[in-house]
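Before any comments, here is the structure.
Chain lettering (A, B and C) follows the sequence in which the chains are written, and residue indices restart at 1 in each chain.
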Amino acid sequence: MLEPVLKVEGLVKRFGGLVATDNLNLDIREGEVHAVIGPNGAGKTTMISQLIGELRPDAGSIRFLGQDITHLPVHARSHLGIARSFQITSIFLNFTTLENIMLAVQAHDGHSFRFWKDARSDPRLREPAMAALEQVGLAHRAETVASVLSHGEHRQLEIAMALATRPKLLLLDEPMAGMGPEDSARMVTLLRQIKGSITMLLIEHDMDAVFALADRITVLVYGRGIATGEPDEIRRNEQVRQAYLGDEA
Amino acid sequence: MTPRFITRSLFFFMTLLLIEQFLNGLQIGLLLFLLAAGLTLVFGIMDLVNLAHGSLYMMGAFFAATLTEWTGSFLLGALLALPATALLGIVVEVIALRNLYTRDHLDHVLATFGLILFFNELARILFGVGGMAIPLPDSLLTHFEVLPGLPYPTYRFLIIVVGLLCAVFLYVLVQKTRLGMLIRAGATNREMVGALGIDIKLLFTLVFGLGAALAALAGLMAAPITTVQIGMGDNILILALVVIVIGGIGSIRGAFIAAVMIGLVDTMGRAFLPNMLGTVLSPADAGTVAEALSSMLIYILMSGVLVLRPAGLFPAPGR
Amino acid sequence: MSSLLRLKSPITTIAGSILLVLLGLVPVFAMLLDDPFMLTLFTRIVIMAIAAVSLNLILGYGGMVSFGHAAYIGVGGYAIGILAHHGITEAWIQWPVALIGSALVALLIGLLSLRTKGIFFIMLTLALAQLVYYLGNGAYAYGGDDGLTILQRTDFGGLLDLNDKETLYYLCWVLLVIVLWLTYRVVNSRFGMVLQGAKSNDRRMATLGFPVFRYRLTAFVISGTICGLAGILTATYTDFISPAMMHWTRSGDLIVMVVLGGMGSLFGPLFGAVTFLMLEEILSSWTEYWKIVFGPILLLVVLFARGGIDGAMVRGAAGYALTGLITLFLIYVVHYLWYDDWIPAAVVLAGAAAAILAIWYRQRREAVAIASAGGDHA
């Protein structure tokens, strides 16, 4: 079998006395959608922050495509091909929708110590950015300032920015958070389109979406992975039902 | 006189000098602490950068000078100046600063910079360009022996005592009382205090008034040693800001330690650098350089602390 | 509050261009009015405008609140003064030394301070600038805190004669135009996009793959160098250097100019510098205590007129802002024709108060409108 895209071994993160990530192991295989679920406070966002490089783990290692990235800074991981969408929408509110994406494209088009040429009219940025907008269905909002977009559109833009960096691995931190059923359905459709071409790690509370999208699921409780497997296995897993699904299903 | 006797008495003399300079540094540090305490409370709880805090220091000194003139008593003047400045602080908070809490630090800097300009001119109009002096009563003009062979001005010693008493008072206030609990909670989590159903506006106003009174106390105690001048708050304000940044914003304990540290560094620099530089420079030049150097020491100290500990020595939790 | 939208706003561009042209004609006005002091005042205004534009690059576009920008004015000025003191007056030595000196100091200050954020950044830039200030104070060989008179102005060979007031003025004016043009190119380039992106959301920028620190540091150095240029010109036109030119309140003045004019707007700092220094001039001729009026104006601008003059224009209060600027010019003229009169000052005050009230009223109406429309995108 191929080496997994992302391999997390023995990851530990403590905040004072609280263990937010407790000896976590995780393998994400090429092309799969791997969902990580767990009750609130299970340490899901803390895990993502360590994968992306915003938090330093206290112990353990993270390998991406065979390379140890445990101590790489955020921007370097991005260049290796890891992208992230934020749980709380994190876009450039005073840029237009298109400019948001163009910035993402620019990040992966060489260095930006270019001081003279106008960036907004640069086809090398514009064209890929427009393509990414069309992919998520936001092209008609290209020239709108991002601050006036609706919540659902913010989420779409968030994904589009991550996609525009042409990632190999996409970390999705609750992409459906705060969405109505209609927007959620659109997001699921969108993610299904991408599925297969980009490996995804999905954190989500919306179980319908998780079971609709995920190839494998890891259940996180108090920072520990208590089970990993295909959706059916997880559904049947007694421990998981008790710890988590039991009180919802 | 044997050489040994000379060495010994030289050593003795140096020790006394060192103790005296230590007391001077402590005295300056404590004045700085009084100013910084209000600043760090306001900053910690309201998240407000108040450059006009130095103006309250100045106004407190002017009030004290004027009231001393009227009443003929320094003590009475000082006691009246404290509530007067607290009231002035409260008025400023209610009229101007209250609307700034939700803004960013840049807006705070600008608006309170405007207040500095206003108060400096107001003082110029009200109290004249020349500044004022606060004459000390004869009882405070004496010296007394702190240690055998070391006479020290009574008034400076009084400053140290008052400063330490204030530090204890603030410690008890913040650590032991209900108001202090709210202050600490506010520095960590503002929303929580609001959610507890506390009248947060009143709390802010009270804390601001307290800070103003402390600033006035610092100003009026410094006044007899220097003079009461327009802009006397501007430079010491920067020092107080340095203190709270080194100490960690919102931390009274940090402010105390940082203030004493800066007071000592500044005093020792001014006391000993001229002699050291005097071996290579002319006395006048040595004085110029030493003064600049000891001022620089403070900023080097701060830069060093911030490079090593970006949130100061005692960062407030949750910040 | 869109910095990018503002750039596209035609009103600001038109007003800014008109102002630039008017500034270009100042020597003519000065000649017509036979008022040599006018040229001195406007030389100062144009130089401070250059410094304000340089601060705007990092403060307005990059969100870095440098509270120590006067340090670079000092470094640029001291380089000129010290070299002149040792008899080196050739421009091709003086100017590069001054500019490189400012760049190096900015690099050092930036390296240390850009690791911190928020108030700690403000304080570190302030503290490090204070270091430079006290360095000037301690430079006893160059006058210590008394400063140093420059006996001979920079020698441009046969090219320029800086002893000629008009020549010096036009040199400053041309440099201002160039600096504005440079800023325009830089903020719209890829580099500028990174700078503005990092102001808006630096966490996201890192996630996208930008090593934000390097870009910020570069912008910081560019800004410091341009500010050093303002220092060169300050030393040249005053024939004097002293630590006072880098006192922390001078850095405060620069921030005020930028914010008053409008942060992150190309012409904002120009409006700000002109308004600030003309207000200072007019108010101080009216009363010795001019700051008692200016301080509260500043407070009112912060409280009620966010986005400064430029913001007011974009929001549609262009009328007020333009009228204000033109009024300033007119009053300045009137003030010279009837010297020592209280009328001009009263008109300025009434005008400023009216404009601020109008802007405030308008903002409140807008706020009410947004609130009633259920603005949940805050």
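Keep this in mind: contacts are C-beta pairs under 8 Å (C-beta built on N, C-alpha and C of every residue); 3 or more make two chains touch, one makes a residue touch a chain.
Keep in mind it's a predicted model, so treat the numbers as computed, not measured.
Common neighbours of subunit A and subunit C (chains touching each): not present. Closest to the middle of the protein, by Cα centroid, lies chain C. Centroid to centroid, with C-alpha atoms defining each point, subunit A and subunit C lie 43 Å apart.
Subunit B and subunit C have CA centres that are 32 Å apart. With centres taken as mean Cα positions, subunit B sits 50 Å from subunit A.
Across the complex, subunit C meets subunit A through its residues 1-5, 185-186, 188-194, 196-197, 200-201, 203-212, 215, 218, 377. Looking at the complex, you find that subunit C touches subunit B at residues 59, 65, 67, 112, 115-116, 118-120, 122-124, 126-128, 130-131, 134-135, 137-140, 144-145, 248-249, 252, 255-256, 259, 289-292, 294-299, 301-303.
Within the complex formed with subunit C, the residues of subunit A that make contact are 52, 54, 73-76, 78-79, 83-84, 86, 90-96, 99, 102-104, 106-108, 112-120, 122, 125, 145, 147-149, 161, 165. By the touch rule above, subunit B contacts subunit C in their complex via residues 43, 49, 96, 99-100, 103, 105-107, 109-111, 113-122, 124-125, 234, 238, 241-242, 245, 249, 281, 284-285, 288-289, 291-293, 295-296, 299-300, 302-303, 306-307, 310-312.
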